[in-house]
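Note that chain A is present in both complexes that follow, paired respectively with chain B and with chain C.
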Partner chain A sequence: MTTVESPATRQYPPTYRPSTLQRILPFAIAAVVPFVLGATTGDVVFWWKALITVVVLAVVARLAWKWTPRGELTHREDMRLWRTPGDRSWAAATTFGLLVLPFILASDFTPPMDFPWATWFAVVNLVLIFAMGAAAFNLLVGYSGQISLAHVAFLALGSIVGGIVGVQWSGGNMWLALPAAAVAGAVVGAISGLPALRLKHLYLLLATFGFHFVMMLVWREYLQEYFGFVGIRFKGENSPRIASWLHWLPGIDPDQNGEFVITGQFRWYWVIMPITVLSILFMVNVVRTREGRAFAAVRDRDVSASLLGINVARSKLMAFAVSSAVVAMSGTLASFYIGSRGEDSFNVQTVLNYAIIIVVGGFSSIQGAIFGSAFFWFLPEWFKWAREELWFVRDIDFLSDYPSEIDLAIKGFLVVVILMFKPDGLAGMWRDCKGWLGRRLAGSSR
Partner chain B sequence: MLLAFGNFTADPSVNLQFLIGGLALGAIYAVVALGFVLVYKSTDVLNLAHGEFLMLGAYFALTFLVSENLNFFLGVFVLLLVMLVFGLLVHYGIMRRMVGQGFFAIVLITLGIATIIRALLLIFYGPTERARLDLLPQGSFEIGGATVRHVDIIIFAVVAACVLLFFAFFKYTRLGLHMRAVADDIEAAAAMGIDPDKVYAMTWAAAMVMAGLGGLLFGHVTGAIDRSIEAIGLRAFPAAVVGGLTSLGGSIVGGLVVGIIEQFANGHLGTKWREPVAFSVMFIVLLVRPNGLWGRKDLERV
Partner chain C sequence: MSEPILSFDDLTVQFGGVRACDSISGRVDRGSLFALIGPNGAGKTTLVNTISGVYKPLAGATVHFHPDGKPVEDLLTYRPYQIARLGVARTFQNLGLFMGENVLTNLLLGRYIHENTRLISGGLFTRGAVKRELAAREAIERVVELLDLGEFKRDPVGDLPYGVQKRIEFGRVLAMEPELLMLDEPMAGMSVDEKQDMIRFIYAAQDELNTTVFLIEHDMGVVMSIADHVMVLDFGQKIAEGTPAEMQRDERVIAAYLGTEMAEN
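Moving on, here comes the complex of A and B:
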């Protein structure tokens, strides 16, 4: 009797389970090496450190790839956030990159052609703050399908809460203001989501836009009542500090007067980066829970979602509350980071900027929010550098006469072109690249 | 108190002045709302760039009528012709590819167009503000202690004429019939031999011509022509929505209602209350009648 191999009896890869140590080790290396590199100083070691960085990046990515559970997986392993070798590899590389980046940017290395290394640190911090807000926007608009333009209203709410709790009550306690902003954002967000129970699409968009104007009125009144035309100052005596009982932590050396003020890009990075990463992880995980799947079901068809036993009203309000809480937090964080917020800090152009970020990055993808905000902040910086340094751009007077206008035109043009030809934006291009690379690699190994 | 209220006055001549100012503002809102309604009625697109189209119209009016100093009627003709060409460009260059895309994607693409227009106007006209237009009669007369400008009456007449013209156009012409058919059911209309592409192009051209006219008229009543006049597009939203986004007559009624309410809020409560009050009125109307006062109801099948 001969056996015929059918697709049904195809060989699966053998089950492989790395040990706990093997699962942790790549991430441990990624977490420790940057600090070791950052602690070593001296001019000569710079190129050695650069070499070690590249090598460690490759090793960490490779090890995380290799030590991934394969074959027959338990349900728990199948439900992990980073499931495939590629996911784990990227996660380890990103961990390493996020930790090593501030040390690179803070080093006194000057790149060739006056590449604006130092100014990019501020941009990186802004990118992180905006990525957090834009990801929350995407969660609401793209993933839950509740069209809202009230986004900037919640940034303003975050600034108001930062002003009341962080400045007026506690004289610069950001750690009190952030949770307060999250709570206020969730409550006000749920209230602003009430029209979503009755209105849809276009009319919901207009209703939330009305909420934007109401919030702008509240913001202006609040400013004039307590701060006048100069606006709220979140710096100087109101700068956030690390509480004195935390001064024993490694890497925290109090300043002359015994306080550790969060100031300068390097210190801010270590505050902003964890908050952004945690809130983005939070949103990625919300999407994977029962509640998050309910969001998607309501987006696709609310009537059929209700037939599946989903409480549609609760789901819609929950989407508004979660998104607004994160946005309000990012508003507070941005206020403290930027240092002052005035009458014209929030306007219709800000709404447009967030729209540009999510369109260019990729609609309805949290990853896209990160790409989009990086693009949005790096484009002007790169363009500025190109106008000053690149020989074939430097000589065009037209470009240096209208720098910010051309930035604006490029952004608008990109929004139009991306929506026309590549609706899933930079995140979609990234996926395409990965797919192409994967096919190439699979093809060559066959 | 956080929100300070202004002083109410019962002086009839002041209130009459507010009423007349409201009617004048309402007429401008009606011009803008008519542009929204035209596009939304037949292409189902909410055109957030309409304020920028209007700004484009105002700046072109500056170029043709003030800088080039053309004869008034020739200048207006050239202005409207250029706007018509721009409308065709917007359709054939961009919006044509977006038919059938998601609703929010189309809203965002109009925002992208708005950004481009704003940037280009800044590049070619610069950020300096220009004096407002003074081509229409500038005088004014008094009724019961309130001043009425001649310009406001002209604007009112032009808007009323436009609405009547569009009514007649939709009712009696073949193209108007096609537009209504496409708005009703694009597939059925296409099966009947109507070319939706052409109809959409005509719609965008008509909306652009309306924006050109609106820019010309608004250029006469705004404080100065600069890049902030595109805000009129956003401020006219409540007008368009209160009237119902698919109703031509609704846009004029909505414009007048919102204009009067805004002027009274402006006069009695202060400028900062203008937009919140207008949008609150819109919000209340939406909660009571989700499609506006005269809007078309869309049935949804599951």
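Moving on, here comes the complex of A and C:
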């Protein structure tokens, strides 16, 4: 007698527990393969590499999907950052993507229609730096509910600390300047948060905007005292270097003079990406543990929060401190990456740029900051390309005559559209897509 | 007589020209179920707000909290969050829940005073932070089981029905494991079944966690059946105090609730 095997028995049992090796393997593959691909240079055709990349990406996501605990999760499993099969697949794919991206961007690939390949690496690095600052800003504004416009002041503070500690004291030691910026940012951030103990909403916004101008004054005074009007040079002799003891690592070959100067997009990527990823992970962890929950509680109902034993004043100041510390760090990083910071590097327009990033990306979502930052930097590149290459746009003189104004107008228009039709921004759209995809997959395979 | 857990004396709260509470004195016995009743605007919530530190009374008032095995604390010298840490928890009449967050987060906020994960160790997600987080979740699990909230754990609170929300708020104060639990109309707007469930939960909390309950309630039937001691307020003044049976016979209480012409006599 033969029985037809019902599809249900081939599915995962309700409580499926993969081993530790199984859980880690997709991430391990994702981490190793890009470097193998990157090492296979020479006359290997780009498309061949691209094919392997896509195949590995599919395998990684599939394994991560397969090897995820199913059924009722224990608390330890529930506390993992990537809980569901979908989360784990995206996380493994993102790991893979982040590691393979610099190799793709560094290759001398020429896409059709003169798509601006070379400039994109710089944009990716900027996106990462801005994502870090914007995520910290979102932690304060979206998650802790403290409306602040002072974040550019902390970028400036990061530049000042980078100037003092990184340039004046140590002649290009970014590794000293970054923690110094974090400490300075935390202290000054807590001080700048003092108005938040008495003010809310629009009034707090004005108070923090005042702080912005105070910091601009400090920045100008500092510049003129030590650097004149040209601004601080963070490049050349002040370029950051990698500590000499790191040279034993594979793939880190010193320059001719025995030093390893961080220069060029490819090297910068490997500095910026880990810092951004680690600081974003730090903030995600803050949000999902005790003090982060307290931030959200204070945002939603401060009286209720205080009756749960939360010191509301301390919680608010802590939100300011942690957000400002990360923003100041991103300011230092940006200073060293961009190479020079001058009188008008931190104008009011920059304040608005961050607001655009937050609104487009989505409020109270750290993910949103990454999307918003990518949107903010890639959009102008696309417009530029469209203006130069697309046949039906190329001939409109008006667009070529006022490029930056048109960019800003389009961004402003999209901000209005997003606020009207999708208030939770790109992060909300992403969630919707994932939900739709998850339902589709659940419907077909479970 | 048993020892008191809370005693307040000459408590007067004034908003402009309105005396919300006028020189109210009373005491709550440890382990008892103390009920505070009165018509709308009698000053019941104001009294609870003053005890939990949200409002400051006029000079001359005293509010003493007697923690188990520790010296007496004068609550008027503390801020609300310090009072909560001493072991006095309360719920809100119109829900003090965080509507956008899920049930688990709301309940875990109740463990805030018992966890001590700092911002940095939380951000680094250290071994210790994970351990304490797990411990908090284990503690929550007891409450979830007691209040039968398991099926809602991942849902945002704002999407759940009102009766469940009331239960979640009750669960959150239970998670705080307070010595004195002040419930501000926990049964308002509930159906008869839900009220009976809530009474069951209150009894369970008293038995399992050994808390004293200070209850504000409108429903006379409920109060009369469960309270050990009743205090009646009307227009900010204490008009009667005693056992439920005594209160049912008290003329001033009946007048306050039914509105006879007694005031004119």
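Going forward, the second predicted complex is superposed on the first by the 424 of 446 C-alpha atoms of A that agree within 3 Å, B and C clash if a C-alpha of one lies under 4 Å from a C-alpha of the other, contacts with A are read in each partner's own complex, and residues count from 1 in each chain.
Operating definition for what follows: a contact is a pair of C-beta atoms (placed from the backbone, for glycine too) under 8 Å apart; a residue touches a chain by one contact, two chains touch by 3 or more.
Values in this document were obtained by computation on a predicted structure and should not be read as measured data.
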Superposed partners chain B and chain C on chain A - clash or fit: fit
Touching partner for A:Val322 - first (chain B), second (chain C), both, neither: second
Partner chain(s) touched by A:Ser304 [first = chain B, second = chain C, both, neither]: both
First, second, both or neither for A:Val416, with chain B first and chain C second: first
Touched chain A residues, chain B compared with chain C: B
Touched partner set for A:Phe213, first chain B, second chain C, both or neither: first
Per-pair minimum CA distance [chain C against chain B, superposed on A] in Å: 9
Chain B and chain C footprints on chain A, overlapping residues: 301, 303-304
In the complex, chain C residues that touch chain A: 52, 54, 79-81, 84-85, 89-90, 92, 96-101, 105, 108-110, 112-113, 115, 117-119, 122-125, 129-130, 132-134, 136-138, 141, 172, 176
In the complex with chain B, residue positions of chain A that touch it: 141, 147, 195, 198-199, 201-203, 205-207, 209-211, 213-214, 216-218, 220-222, 225, 301, 303-304, 348, 352, 355-356, 359, 363, 402, 405-406, 408-409, 411-416, 419-420, 423
Chain B - residues contacting chain A, complex: 2-4, 46, 94, 97-98, 101, 103-105, 107-109, 111-116, 118-120, 122-123, 231, 234, 237-238, 241, 245, 272-273, 275-276, 279-280, 282-283, 286-287, 290-291, 302
Complex interface listing, chain A residues touching chain C: 75-76, 78-79, 282-283, 285-286, 289-294, 296-297, 300-301, 303-312, 318, 322
